[in-house]
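One chain, chain A, appears in both complexes that follow, with chain B as partner in the first and chain C in the second.
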Partner chain A sequence: MADIKKETMRKLLAKLAESMTLVGPSDNGKVVEYKKTDADSVLMDDRISYKSPKEFYFPQTEKLLTFSRDEAVENTDVPPTVIFGAKPCDLEALRVMNAVFMEGRYADPFFDRHMSQNLIIGVGCLKKKPGCFCDELGLDMEFSDFCDIMLTDTGDTYKVEHLSEKGEKALAQLPETAKVTCANKRTAKKPDGDVIGLSADIEDITLFDSVNWSDLTATCQGCGMCTYICPTCHCFEFKDVSKDGCVERYRCWDSCIYPKFTLHASGHNPRASRADRYRQRVLHKYLYVKKNTGHAACTGCGRCLRSCPVGVNIKTVAKAVMEVAK
Partner chain B sequence: MSVLETQAQKVRDSAKKLLADATAQTVIGYADEGVDGLCVPVFITDVKDVGRLVWNRRSVPNLASYLIGRKGKTAIVAKPCDARAVVNLIVENQIKRDDVHIIGMDCPGMTDAAGAALHACETCQVNTSPVFDERIENAEVKPVSPEKRDAERGLDENLARFTKEMEKCILCFSCRQACYGCYCQTCFMDRGVPDWHPESPDMGAKMLYHLGRAMHLAGRCVECGACENACASGVDVRYLIREVTGFVKELYGYDTGLSLEDQPAMLTYQPDDREVGFLGGEAHG
Partner chain C sequence: MSNTENPYVPLKARIQKIIQETSSPDLDVKTYRLSFEDGRSLEFMPGQFVEFSVPGIGECPFGFASSPLTKDYFEITIKRTGKVTDKIHTLKEGDFVWIRGPFGNTFPVEKFEGSDLLFVAGGLGLAPLRPFILYALDDTNRKKYGKIDMLLAARTSSDHCFAYEYDEWRAKGASVNLTIDNPEPAWKGLVGFPHNLIKDMEFDFSKLYAFLCGPPIMIKFVQGSLKEMGMPIDRLYTTLEMRMTCGVGKCGKCNIGRQYVCVDGPVFCMAELAEMPTEY
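Entry: the complex of A and B
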């Protein structure tokens, strides 16, 4: 580990921004969000963005290909991006996303392009924010190794660790006086079992009727904002748009909370009620992704708890499900 | 005991009585169980649970939309804006007056987690419930200064403001879901044909949605601010609707949700109605 001044970090970001898009926590006048910004205005405090930075490796709308009767051209145009200030919960979420998109039977070339082009600079949290529960999941709020460079905020300076070759190369662009060498890389704390989480052995169907989903989710207004700001929610749909005699195919975020998500062409909806849909969200997070990848798809970032207009608390729901699952 | 705590105690006493004598099967109120002090909606059906009911300056969510589709008589702890929403739901035949028991709270205005007044509350005009079955008073509640409509702007300036606000919007539709008035079974944005929603968070889709929604709320907005409070992205969703509400008031002298008898502005027509905005009608200004 080595220390560099925050001002020097700004210089490095400015340098990187010459050839890459810089994304970092920014104050939009009301809340903090990750967005395209410049090295001078990127926030270097401990505030957490209301939404995760997932849109920069899994965009809300992404063109996949353009095709006509005769040919199809894949869209390989991915802007190289520096994501600065991702929190350890975001990085652990990225580990989950990576498992979903890259480690299954198929590797997703679009996600892969983002991952290989992006430079991810994580910053550890100094303190728990209201609603945060990464500790209850056994995660470390100060550190994750699923990034290229990890920073620890020590006031005017950052402790710096590079965790990949990409990170090392980026740090080599620091001004001569601030060169860092990193020995003794830390490794991330592994979640120690099922603090909040379901055993991957349980059959989901036993939880369909034995949990009182209606009561647990009675106040949910069905807005689905929780899925948009969540760092691990990754459901999508495809949309074809005709343009200039060709068809452009887009991948767009979708949400299990929306009734349209499972609406059949016949008009039948297998998840007809909000309780059905919320059940899907909870079981997908804590059970299905775990069955498929070994990771639960929740890292305790607390965003859904903080932003839900009516305070629906996924932790309370998950714990109630665990009680039944025991 | 503070005035608010006295009000809270009265809410609990009332809920106990309503459930005990079966005047209501459910009491919808607030529980202090959210993050950062946010009071979240709670449905009380058993007298032994009334202790969960609270009332303070973080009783933010508008509870009116929970009444739609409920069976049996429901009592609702209603801020004046919630009560206005209930009234308008009755006027629009979404719920029946006999099915709801309104516990009308005198309201000092709600705050955010940091204690600052919410925007809608800062300029609220109605701080006692216009219609109620019982009123829980708060002598400290004072009228506030009227909200001024935004000064007329040019087209460019309007567009610039809209663009600035909408850059933050992620089109998650939480403002719609939080709105008591957005009770359409299928929102125009969710209809497949025509394809209103290009599934892309671009300015065109945002304009379609936010302007469409503002027009649908003409003469129906009760200015509770639920849309703005629900927005995690910090968009001032309310300003467009505020403009539309201002027009309705100016043109037809109608305030939403203040009376069970008044004809809603958009559900009635008089030959001498001002026709601002009609093609060939009078110009505005």
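Entry: the complex of A and C
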């Protein structure tokens, strides 16, 4: 670990930006958002972004293929990107996404390419923001090791540690940061108190019918906002686009909250009601993904409850589900 | 595993032959015989499926309908139902489509060796069972299985898929029983729903495995009849269909609880389904 002045960090980012796209939190006058930026403008304060940086490793629309006469040519064009300032909740969400896309019978080559091309610099939070509940999920707001370099904000300086070879190499690009070691590599603190969560031992069927999903989600308008700004939501659809006489296939974000998401061509829909769909969202996050990957797919970033137009609070719902699970 | 390194990348396939399966005006089912342009064969086992693309229109999952032992081509049977299948039904022999796969699990065919097999299909539900039927009836495998019975239901006599093959199946020792929903003048087969007719069939339940595929309501009632007759549900299998964009367990559309129909299915034992949420 070493102390590095924020000015020096900007110098390092400028150096990295010579060969990579720099993405970081920026203030657009209304909210903080992740976008392509430059080393002088990137925010270095404690605010949390409205959306997570997920679009920079799982783009909202991404070209997968171009159909030529004889071949479907895979798009391998992924720009090397530095993602600066990811919060521990977003890093833990990336851990979940990585498990979903890279583990199991199939690895996703497109996600893999983003992961290998991205350099991720995390920054610990100094305090909880309204709506945040990472601590209630057993996560450490100050630290996550699922990144290449982790920073701790101490005012004018960052405490810096690298957590991967990629991170070490990045720091070596500037003499002032080359001295950083990972000798004191930390692990995340486990917060005290009760943790919101379901045991992976619970049978899927136990919570499927015994929770009053209609009551819990009565106010949901089905807008799907929560799924777009969630750092772990990863559902998608393919869309073909004809362009200059050839067809390109894109992967686009989709949402389990939308009725057409699971609609069969026959007209049958396994998740026909809004309550069915909200149940999928909640049980997928807290139970199914946990069973399949070992991680719950909610990291308590609070974005969904901060932005829901009718105030649906997934934390309240999760707690109600836990009561039934007891 | 998929036949390309990247499971999202399809290969170009030529339509060798199109077989019209049904002749009712409101039910249009065709079988497409396909082979890859680069000459490679598609290794699969009964129960698996492919993702079938018409570039510019879209991609849909369909189960294999041909024998896994046939290496020169594979067949996919498709009912005209929606946007992509409408387009597929306009294609001609010699046209090209794009295929990726095979995906999904398989009927555990070795587990059933030494047992009697019963196939109950409703309409197009015969298509995903046909690879296993052809596999079990093949000369190399026929002796591994005992009695092979089929009860194949269709709405009308014009709607039985693969009807041109039934005599061959019978010649290989299968009992092929056909039924339609309502009487028709020239019809010599059975009339009525499979859950009633099955009660007149005789089985040795100590060594029977049954495979049901068709409309959910048929599966439900046939399962009920078989249970009443003494069939344990851990010897009943079915294959499910779902909207499946990716086929590789990522896109989030086809899960039933923690299980993804595209990788953990589409073949499920009824005992397994009984423990799962009824979200299909």
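The rule is short, and it goes like this: the second predicted complex is superposed on the first by the 309 of 326 C-alpha atoms of A that agree within 3 Å, B and C clash if a C-alpha of one lies under 4 Å from a C-alpha of the other, contacts with A are read in each partner's own complex, and residues count from 1 in each chain.
What we mean here is this: a residue touches a chain if its C-beta (ideal position, glycine included) is under 8 Å from a C-beta of that chain, and two chains touch if they have at least 3 such contacts.
The structure displayed is predicted, hence computed values, not measured ones.
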So if we stack both complexes on chain A, do chain B and chain C clash, or do they fit?
fit
Of chain B and chain C, which one contacts the greater number of residues in chain A?
C
According to the stated criteria, A:79 is in contact with first (chain B), second (chain C), both, or neither; which is it?
neither
Where does A:31 make contact in the superposed view: on chain B (first), on chain C (second), on both, or on neither?
first
Chain B versus chain C as contact partner of A:264, first or second or both or neither
second
Could you say whether A:50 touches chain B, chain C, both of them, or neither, answering first, second, both or neither?
first
Chain B versus chain C as contact partner of A:228, first or second or both or neither:
first
Touched partner set for A:204, first chain B, second chain C, both or neither
second
Taking CA centres after the superposition, what's the angle at chain A between the directions to chain B and chain C, given in steps of 10 degrees?
90
Applying the document's definition of touch, where does A:237 land relative to chain B and chain C: first, second, both, or neither?
both
Of all C-alpha distances between chain B and chain C after superposition, which is the least, in Å?
9
Please report the chain A residues shared by its interface with chain B and its interface with chain C.
237
Would you pull the chain A residues touching chain B in the complex into a rising list?
28-31, 33, 50-51, 60-61, 130-131, 218-219, 221-225, 228-229, 237, 239, 241, 250, 252, 258-260, 302, 305-307, 309-313
The answer for chain B against chain A in the complex is residues 33-36, 38-43, 60-61, 65-66, 113, 167-168, 170, 172-174, 176-178, 190, 198-202, 226, 229-230, 232-234
Complex interface listing, chain C residues touching chain A
1-2, 5-12, 37, 55-60, 81-85, 98, 241-243, 245-246, 248-258, 263, 275-280
List the residues on chain A that touch chain C in their complex, please.
64-65, 67, 70-72, 74, 100-101, 104-106, 108-110, 203-205, 208-209, 234-238, 240, 242, 247, 249, 254, 256, 261-266, 270-271, 276, 280, 283-284, 287-288, 291-292
